[in-house]
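Shared between the two complexes below is subunit A, which has subunit B as its partner in the first and subunit C in the second.
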Partner chain A sequence: MRTKNISTNCVVLLALLFSSVTSFAQQSHIGKLTGNAKQGKALYRRYCIFCHGPYGDGTGENAPYMDPKPRDFTKATFKCRSTPSGSLPLDSDLYDTISRGVHSSGMPSWRPLTRQQRADLVAYVKSFSSRFEEEKPGAALEIPPAPPNSAESAKHGAELFESMNCWSCHGKEGRGNGPNARTLTDSKGYPIVPPDLTSGMHFKCGDSDQAMFRDLMTGLDGTPMPSFSDAVKPAEAWDLVHYVETLHLNAKKGILVKAEPKGE
Partner chain B sequence: MGIGTVKKIGMAVVALGILMATVQPSYAIPAFARKYGLPCSACHEAWPKLNNFGITFRDNGYQLGKGRDAPIYQDPGYWPIAFRMTPQWHRESTSPRPLDAIPGNGGSGTVAGGITKSGLDISSIDMLVAGTLYKNVSFFAQPFLSDGGVFIGQMHIRFDNLLGSRWLNVKMGKFELDLPISEERSLTLDNTGGAYFNYQFRPVADSNVFGGIGNAQLGVELQGHSENSYTRYSLAMTSSSDGATGLAVNSTYNVFGNFTQGFELPKLGLQRVGVYGYLGQSPTYFQTVGGSPIAGTGTGNRSFYRAGAYGLWYLGKVDLSTFFEHGQDNVYLGNSTPANQPALLPVGAVGPSWNGGFAEAHYTYNPQLILISRYEILRMSRQANPGVRSELGNLDAWTVGYRWYPFMSSRAGLAWVQEYSHLVTQEAAPVFGTSEHKSSYVMGFDFDF
Partner chain C sequence: MSMRFVSTILTGVLAAGAVSGGAPRAGSAPAPSAAVVKGTVKVQGAVPKATRIDMSQDPKCSPGHPGGVMTDDIVADGSSGLEDAIVYVSQGLGDAKFEPPKEAAVIEQKGCMYKPHVVAVRANQELKVVNSDTTTHNIHPAPNNNRESNQTQPPGAPLSMTFAREEIAIPVKCNIHPWMHSYIAVFKHPYFAVTGKDGSFEIGNLPPGSYTITAWHGKLGTTIQKITVGESETKTIEFVLKAQAGS
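Here is the complex of A and B:
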């Protein structure tokens, strides 16, 4: 009798384990769209598996040749989020990343896929990590309207760029060549370089001012770029955005702008 | 130049058309897959047929647009070249055909018979050289090797995103027209029901140099597209040489246009509809010396056009491509008559016109198995010479087959192919006053690397 009970318990336990492994977040919700992981799996095998791997751990057959490495979905750590650092992304964040692609990486824009297909892919990507079953994403960042891009705002941004040591990674001229740039690694220990802020407004999580504001306030999880939401106020974040725009525009005009550390 | 010479030229043009239809280069390009680390299935529903991601990639000038497209970002060992080959076993039979009653004895009388041939075969070896020279500057070259020599299938350079707009892209060289359903990327290999007859059709005895919209043309194309290529247009000006190089025909130009719009239907996927047209001129005679035509001096140009509409319908794993075309040639072209000798036109002669179309269905079980079927029809609505039977040239063709890809990678592709096709050409066996039946079976491998 006891043996039978143990066997029954084992079967129930295995069933529970199996269901927990295979049923992580089977759906996604983006606006009126509902994504389905079952459909997403077929799409994943067609489009994504060769980089992200059959288990979503970023070890597809192309991964050894790629820089940066494909995302490991099993960790549920995502760069591009509208949620606080360390939090899960919203479904719409994953949808936007799939749609937009990731600049300076092997991840193209998948906007040629239908909206439903992209929503299905989001559902399947979520199924690789139990975190999506166990946790809720944090509250989405509210982005206030951008103030006018004035010289004063950009100047204050330059001061923040210097006082918050942004230059230590991004460089005094914003060229991505700060003193710490060569030592940076991502969360998996792979070398990672800061973007050259003078070469154009091309960022991994979007090119708009709002995207840059969001990057500052939420950070890029899995990279050395932290969230500055506790360090700067929204108005100051906009000042930083304006300063970065200045770096790009001045570089186009051939003007170099240096954020000189105080006391030097 | 007499009408006999014009007919010879016409026959040579027809022979060239048949040759081009027989050697059927088509491509999937592992060089791109290697460059970007994407599998064949990312760009192809089943290679070589492009899906919308592949169409967008092509429309972007073979760029993904994430800052890594220029050659400077590639490993120096990367070489943008791929090869495609198709060893196969092929059986083909045609009947009825007029045969000598006693083989080898031309005086033994004529009987109706069938011709059957079979054996191991290969098609041409396609070289696919394509990539970017610089950001927004790309190239494509497709020479192919066959027993007949080396031919230039396509060769062009392309400049993308002019004035920063994806609606302004210019291509120059020899290229496939922006067709509704690409013949170069046909899923079927065989030339009996495997090619699109509507793309290559010319009425019997027609001397039009233009071999059909399926042939690669020499020209300049202005092309544009939306970000996801749901909306696309193409305007091309082509030399009236049907793609023949060396200024061999004459100096007039033709115009091709295509506009297509994709739209999403809930739970069904991306649908696409479009219209296209080709308006051109073709010479009816040449300047001559000693009675022989001088290449490149074609004159007495007369007009022709092809116009049609199409739809690509997706119902989950099943998709259906539907195509309709109306064509018409000038009376001089239709009767192979020099325009400077109108008296040679038959009494009551008119410009020939016809209608045709096809429906091609696919069932994509997964990226590694696709089932294919197609039915194609073409009907003459008006013969150039009223003395000719109205059915002459009508045809019906159907094809069934599958392609199975036992493995899939971003380095190479291999398909196991089987297909059977049947073609009925009405009044094509004039000796017996009946239709000609041609059937074909192909089994083999289609691979590229």
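Here is the complex of A and C:
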């Protein structure tokens, strides 16, 4: 009798354990919001399925006509993250992306939906990859306060733009025409072009200085744009941000700032 | 009923433990009865000629190559021995589990080329990435079954990565220097070898048994052979991979 009881308890415990694991993976947590995949599914079928497809693999009806292609959620590889390259994004990263949309792509902003609905969508998007059950996102990047944008900081940024080989893709003048620009493909093999940093165009993962700092440090996974977190110090990343801003401004004034060539 | 259920789980766990405990681990002394599979991988047909790589876009790459540098996608010696093929046990090990070795494997970026062109590691083994150049690289593995990452590495900066799951093999690129390609093969067991300049390989310390052995090459595909090795036996086999014109 006793052994039977214990073993029954064991089974119940195991069952509980499993059910709580799965239900946790079907949720999202953004601040005080808790999103639910079940609700998210209904929203997804209404708003997202045409592009991202019924199985979340990016092959919706509209996909053939789109460049860049809708994201394949089964790979769990995302461009806009505050976590290290190779890591899963935070729930709040996905929430921000869904809210903001992805500039220069067909991915619209979903701010018209309620915050709860967007949180539910995050939970459902995560359910397409078992990685969200198996792994935890890496530590979120710390973004130190921005130092003032001085000429000196931008000049150091220009030197880093040269020594870090940013120019090999973005071009010496940041116009998106570096020697590699035409060879680049994303991880699905589709051609991808580096943005013209002098055009003043919107960036994909947000336009704030903090967003650019984050993109440089974590990289845009699934694309050739690499992470610089192990390559530059935070202060240097700010220098790069300041330099890229100068490119914007000077382009507006019609002046080209050339990264100083070294070793040529 | 439920009692039996729990005890089945327990036996399962114990059995799995016994298997992994008894199986050889990398670095441990070979069991006296262990077998060896060795031989060569050869290439048949016309091997496309290596071409000169144009590295002129980055002057920091060329000092390593005063005479220029040739592509290393398919490298064969005078007797058709194929370098940088991987030979490995693809079936026959059951679900034996192996601890990854403590020592790190190394891939080096030198003269804007990857050394070696093919590196084989174990799942969860540290892979040290070394930049011996004076230019900045990015290392961008594009796996199917592991995490994709893409990190910049300036001269001398330390960098390490690991891959959790078996995958043969992950293509690796440097997007800054588009001619730079390599492969990282990830194994969950220690029974693999990368062929040397003459196409030779040797897989040692193999428990006697029947296995499927696969030879893989990044450009020439795969071929398999089934073998059975007895106690302390050394078996010699040859693989042939076909080069098609234009491959």
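Definition applied: the second predicted complex is superposed on the first by the 238 of 264 C-alpha atoms of A that agree within 3 Å, B and C clash if a C-alpha of one lies under 4 Å from a C-alpha of the other, contacts with A are read in each partner's own complex, and residues count from 1 in each chain.
Convention: a contact is a pair of C-beta atoms (placed from the backbone, for glycine too) under 8 Å apart; a residue touches a chain by one contact, two chains touch by 3 or more.
As the structure is a prediction and not an experimental result, all values here were calculated from the model.
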First (subunit B), second (subunit C), both or neither touched by A:62: first
First (subunit B), second (subunit C), both or neither touched by A:229: second
Touching partner for A:101 - first (subunit B), second (subunit C), both, neither: first
Which superposed partner A:176 touches (first subunit B, second subunit C, both, neither): neither
Subunit B versus subunit C as contact partner of A:138, first or second or both or neither: neither
In the complex with subunit A, residue positions of subunit B that touch it: 36-39, 41-42, 51-53, 55-56, 64-68, 227-229, 264, 266-267, 269-270, 366-367, 409-410
Subunit C-facing residues of subunit A, complex: 3-4, 7-8, 10-11, 75, 77, 84-87, 163-165, 168-169, 179-180, 183-184, 187, 219, 221-231, 263-264
Contact set on subunit C toward subunit A in their complex: 2-3, 5-6, 57-60, 134-138, 140, 142, 147-154, 157-159, 161, 175-178
Interface residues, subunit A side, partner subunit B - complex: 42, 45-47, 49-51, 61-62, 65-66, 101-117, 202
